[in-house]
Amino acid sequence: MGLRQYLLKRLVHSVFVMLFVVTVVFFAVRSIPGDPARLMLGGDADPEALEALRAELGLNEPLYVQYFQWLRRLLTGDFGESIRTGEPVLGSLVQVAGPTLSIAMLGMVIALVIAIPTGIVSSVKRYEIEDYLSTTIAFFGISMPAFWIGIVLILVVGVNVDAIPTFGYTPINEGVGPWLRSILLPAIAVGFPYGGILMRMMRSSMLEVLNEDYMRTARAKGLTSNLVLFKHGLQNALIPVVTLAGIFLAVVLGGVVAVEIVFGIRGIGRLLIGSINRRDFPLIQGTVLIVSFVFVLANIVVDLLYTMINPRIKYGGGE
Amino acid sequence: MDDIQRSDLEGPKIDRRTTVKLLGAAGIGGTAGCLGGGDGSGGDGGDGESGDDGESGDDGESGGGASGSRISAGWLTDEIEFLDPHMVDLGIQIEIHSNLFNGLLKLNEDIEIVGDAAADWSLPDDTTYEFELHEGMTFHNGDTLDAEAVKWSLERLAGMDTSPHAGKVSNVDSIEADGLDLTINLTEPYAPFVSFMLRGPGRAGTIVHESAADDPDEYARMPIGSGPFELTERTAGESLTLDAYDDYWETDADGNSLPYLDGIDIELIPEPSTMWSALQGGEIDYANLLTGEFAQQAEGTGSLTVQTASAGEWSGIAPLCSNPDDNPEMVRWISGLGEEPTEMWNGEDIPTADPRVREALAIAIDREEIVERAAFGYGQPAHTLYNPAIGWLYNELGEGEPDPGFYYDPERAEELLDEAGYTGEPRLEATVLALTEDERELTVVQEQLSEIGVEIEIDIQQQSSYWDNTYRYEQLLCAYGGASDVDPWMSDFKQFGYPNEETTEGAWQRSLWFDEEYSDLLAEANTTPNLEDRAEVYQDINEMFVENVPFIPTMFPLNPKALVSELGGVGTQAGLSNFHRASLDE
Amino acid sequence: MTVSSRFDTDGGRVFGLRTDLIEQFIGTVNRDLKAKLGVVIVTLFVIAAIFAPELAPYDPMAQDFAPLQAPALSSETPLGTDSFGRDLLSRLMYGARISLGVGLGAVLFGAISGVLLGLIAGFYGGWIDDLLMRGVDVMWAFPWLLIAIMLVAVFGQGVWNVIVAVGFAYIDDFARITRGEVLSIREEEYVLAAESVGLGDLEIVFEEVFPNTVAPIIVQFTVLVARAMLAEATLSFLGLGVKPSTPTWGALLGQGRDFITTAWWISILPGVLIMITVLGINLFGDALRDAFDVREVDSE
Amino acid sequence: MSEPLLDVRGLTTSFETGQGRLTAVDDVSFSIEEGEVFGVVGESGSGKSVTALSVMRLLDDAGTVEADEVRFDGTDLLSLSESEMRSVRGGEISMIFQDPMTSLNPVMTIGEQIAEVVRHHGDVGERTGFWSEMRRKYVTGTSTESRSWRRAIELLETVGIPEPEQRATEYPHQLSGGMRQRVVIAQALAGDPSLIVADEPTTALDVSIEAQILNEILELSDEFGISVMLITHDLGVVRETCDRVAVMYASEFMETGHVDDLFEDPHHPYTEGLLASIPRIDDDREWLSVIEGTVPDLIDKPPGCPFQDRCEYAFDLCDRPLVEYELDSNRRARHAVRCHRENDRVRVDESGHVTDVPDEAVAALERRIEAGDGSSNDATVAESTVRADGGSPTGGFDETERRGDRDEY
């Protein structure tokens, strides 16, 4: 199967997964108690006012009619408007995607940059001080909830280092420096547990690779130990790590939600929780669509990456 | 109580003495009695109580003069849905639109009702209000603000069926506009009317520009007002940018034009702890609300000022007083859910239908302890319904110790439960429906009630489900409260009145306590313009209230606001955040 | 996470449980200091949880002390009090109960559902397999936080919601592992033999196939219990967890956050306990993994 | 006779394990002449591979290598610095491992796997620094214009791989088993070595291509004048290919000598047993003979002959440390055996059984032991059956390593 064909197949499959998710969500959120009209009118709204607003919002239509209306608009790229603010859903999503993705990406970068070298060092220096030190730190990483790390970071770093803000997000177009500073602590909070997981994986995977015959072959060729490790070992050791790294993206995204709240950053997580709390149906649907899109996309990227670093695999799996 | 004459209610200013009577400046102004330290709160006096200390002159301004600069302010919410004053009912939004709009009247920083758009006003008789407007007022788009504009605004409200405030102008008979002269005729004397015309808590009298009719959604998002600041930009769920309106008509005593600040960048911060870290980290200069635990911490720092004021807020627990299925018609109307009332209580015992049980619960609660443990002292015990912001009534009923009222008496509570036949172990079990913000208070209540053998489970729900479920009446108890209530009408008419679709009385009944006699008394009070007479009616109302316990009041929260010490002149009366005269010391 | 076993599937298998697994585990614990540490921690906390009512000095709900008292080992409240004046030590001990319980419960929920799905999918194959595994794919793309929020919206806060919401996310893990194991095992001779003597599907699945999938599942189980406890903490922190005033470590931590600068102990102590427990469970899980020789990494 | 290419004296390699010290190679001596094919035969776990790896200094820290001398082409390998040793590995001495599937890197093109040896050991003027190599690997790829790549293609052609340009860009999994091993051979030739250590080069292959590969190795080594150390468990292979052979059993060399001497006149009971287990066309016995018993535990190995428990000729002296007995040979090569039966003073009957051990035999032995002469080239052999299906992939070396990383996850 060629790359293009494979991608096409994966995309079609993904579209169905997303459609399914979003359909479930569409009916699920409407079946839970809570009336957006009441929330808009401040809770103690008068019954007549409520009725009028519900009619205006089209909430009195039968569910399937609402569903197909929404779907039809979606096909034209129209995500609808937020019930609560009247703003286009797509705009809100674009707006919140920035901080969340920034944090998640930087968090992953931090995790990778730390986990991969330490994982390698730890496996090479097995049972030595470097190994004990880094496995201990990794253990701490996987034993703390991300948001708690965030809280501790605010306490320790944020309050003492003026240059690092403890709250809010600065978009990248206001300068790379301020942007980086604004997402540094949240990214560490997200990246640390993730890094711990990755480091442990990297270590065990590398240990396995170190025992492989081809590593002995490489040494028998007279290569330096660094070359043996990084030229011959690294890519092989990364193969299982990449697969699992993708799966753990879910963990990262879960962590980002709570971390966004700790740092007062309005990202996808806060938007999702807020929109559900407010029964802002179009916004919930839009957010879930985006989240599942990110998941599915990440899955495809991981698969491609996996195929790339593992020449034994053809597109679509199988050897 | 001194009689308040009709002339006392006339412009250009209702003096402090009268306003105190009217609105309970004690609460509004923030000298809040039981609060830690009688001298207000802030560790450093300074402009801690800008209202009370009276800064200077009768409009109380900070000495800064015209020092242009911007400040950044944190708002404790995740979203500002509407800024159309006719739609707004939440304090957090009122606080913002008080900076964007003018009302006919306003509360100044010395807690006096003064003219806002109205330079002066008079009451030729009990049902006629004549206002004389300032000259040269314009909306942010340059349109003139004159009597015609005010008339349009009031008529728009009267004609709206989705506004929660339409009822406030329902007895306006006619409005006449002539240049700067505005005359409002009421169908009958209506006591709360003056307070309805206030900018801020009055809501109804806030002047809306006619573009609101063209595109209501857009207006609710980016309203055009006439206040010292205009909303120039907003990002949903994130921030609002308020810039000084250059042609704002108002000046300070020295003739400098207002406002001093160039603008305010409002950040929406939904988490109290985030607000606190933003304040500590210097990312914001002002926090519109700090929860008690952080206010306490803020007072410990040298660099922050805490100002507190009653925002006319009250909280408590509504007990289910009758089986919803006994009055299906009324319950269906109240709930607005389009559902038949629940039948789950048919044939079931509803313990709270027994007034003795309700009283037992009401007196098993130690309100002083709630204030201390749950609110860190930022509140006042609520022995009855009427909050300190309704000064004339609060004071008349006995200030902090109303008579009659609910006072902590666990022995008596157990006797009452014995009498009512609840002697088991536990005596009673109940679930209380609540919102996140009620959690601390109910945690204390839960422990207090368990002392008399009543076990309650706290069911914290998200706002959306909470609002629906309160009207499903499936729980015996429901945490409930109100805010920005500067007139008793705001606290009792819709909440405890006898349901009436026409007048919207009783539309918010949580307790399903239906008493026509009580309703008659409320009607009498509302049409009694003379405050002394009205207060007397309220004596009777209060007695009925305490006797029947349709509601178990717990606390009148005070809302601590925090300012960096360089910031002064913020008007926090009645829980507002008025930046008209705010300035930064360089 | 993909886990595969390198078990010799034809040695010493007893119906239901394999006694050699237990022996191997004891062997590992005897050899490995980390494994010992893990077992000690887990045992200690399980005991504290089970006997909390007997061991805790006070009622965890009673607001009998001055609020926000700092820990002082000599005082009445050795670990300090929370913002309501409740004894933190007692709350932490009761908290162990619910936190561990939720962790176990959630994974149990995920394991039972997932193992069943995996057994069915793997054993029957064909369209049943396709259908079930596509379903599992969808579950993976479904944000579990959303499920938690919706459950809370419908049923309100509570222990069971947390268990279901957290456990839901683990169904796919267990389904995949079980299916993988079943696929490799079902071709083994003894299963074919069982089929040939005419045992019913159910009998084969439960008596022949399931016992051999136990090892990787147990290992996965411990890994996830640790993660479930972290998830519970996150949910409680977001207000989507247990009912207020129910002491769980996550909830305590969340409540303490507001006092972090003035009363660090309220959130730091439960945080540390979560950390130690998760650490212990992970060490325990590592020991199991060694003992059962299960690889986290599915190499070719 | 000129100095041998490789001369190993008293090589002992041991591993520290949880259960004790495992002696994987015990006091082994041998030499390999230029152009010679030297076979080491023994069952799996006997220490053949570890012997080779010890010489190459490819054992990791877990293994301790001691030797009186490991002299290659006049240089003492044990005294070389690590970087000097690196230029020997893959250059002067290259290796061919057992399983071409696992010994080739699965994520590198075969062209690059050969070209990198050329770069490091040949004189092609391409940079071999860490970053240059990393860039080549992860960023630019190997240039098909480079000299090393072209040399790799030549080598592929040399080992008989069709369409070498195309093959060079492929990955190991895309080739058949035989092709892969040819690639490994090309890789071993790439550094222009004077010695190739081939560790079970055909064990993992189909019987049908076994012969081809062996021929390839032999022809090429002959063509380029390369010595070969052939490690195998297969006596048939040894007979076909080797000039001299050593029989290894339980970490010791039991018998060493010219292949014809060994096959026609085996002196060690283990060698005898081994030979008896090979089916021969001229053999009319119906059943192959099998040596009873099991290999002794190499951990804390007791002194004395490791084969004694299984030896039908075992006698009193077998408990004593082994020494080497040199035998007469009608060929140029030494024939040496480590079995006390060969003690001149020990009397042996027709069947080979010891009939009498005079005191002077014991005394002579004691003198040799005291003189430290126990450490010469000797070969002992043993095992029940020679497996026809290939040696076990796990030698003592692998076993140790694997045990070590059990607690990794």
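Every chain is named by a letter (A, B, C and D) in the order it is written, and numbering of its residues begins at 1.
By definition in this document, a contact is a pair of C-beta atoms (placed from the backbone, for glycine too) under 8 Å apart; a residue touches a chain by one contact, two chains touch by 3 or more.
Chain-to-protein mapping (UniProt): A = ABC transporter permease; B = ABC transporter substrate-binding protein; D = Nickel import system ATP-binding protein NikD.
All values reported here derive from a predicted model rather than from experimental measurement.
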Which one of the chains is closest to the middle, using the mean of its C-alpha atoms?
-> A
Going by the average position of its CA atoms, which chain sits the greatest distance from subunit C?
-> D
Could you please state the distance in Å, as a whole number, between where the Cα atoms of subunit B are centred and where those of subunit D are centred?
-> 92
Distance from the CA centroid of subunit A (ABC transporter permease) to that of subunit C, rounded to the nearest Å?
-> 23
Whole-Å separation of chain centres (CA-atom averages), subunit A (ABC transporter permease) against subunit B | 41
Counting in whole Å, what is the centre-to-centre distance of subunit B and subunit C, each centre being its mean C-alpha position?
-> 47
Could you list which residues of subunit B touch at least two other chains?
-> 273, 280, 462, 464-465
Quick one: which residues in subunit D touch 2 or more of the other chains?
-> 408-409
Quick one: which residues in subunit A (ABC transporter permease) touch 2 or more of the other chains?
-> 32-34, 154, 159, 204, 208, 261-262, 276-277, 312, 319
Per the touch rule above, subunit C residues touching subunit B in the complex are 61-63, 67, 83-85, 152-154, 156-157, 239, 243-245, 257-262
Tell me, which parts of subunit A (ABC transporter permease) touch subunit D in their complex?
-> 126, 200, 203-204, 207-208, 211-214, 216-224, 226-227, 230-232, 235-236, 239, 309-312, 319
Residues of subunit D touching subunit A (ABC transporter permease) in their complex?
-> 53, 56, 58, 83, 85-91, 94-95, 97-99, 102-108, 116-117, 120-121, 130, 133-134, 137-138, 171, 173, 184, 187, 191, 398, 401-402, 405, 408-409
Subunit C touches which residues of subunit B in the complex?
-> 272-273, 276, 280, 291, 293-294, 296-297, 300, 373-374, 436, 439-440, 442-444, 446-447, 450, 457-462, 464-465
So in the complex, which bits of subunit A (ABC transporter permease) are touching subunit C?
-> 17-18, 20-21, 24-25, 28-29, 32-34, 139-140, 142-148, 151-152, 154-155, 159, 193, 201, 204-205, 208, 240, 243-244, 247, 250-251, 253-255, 257-258, 261-262, 269, 272-273, 276-277, 288, 291-292, 295-296, 299, 312, 319
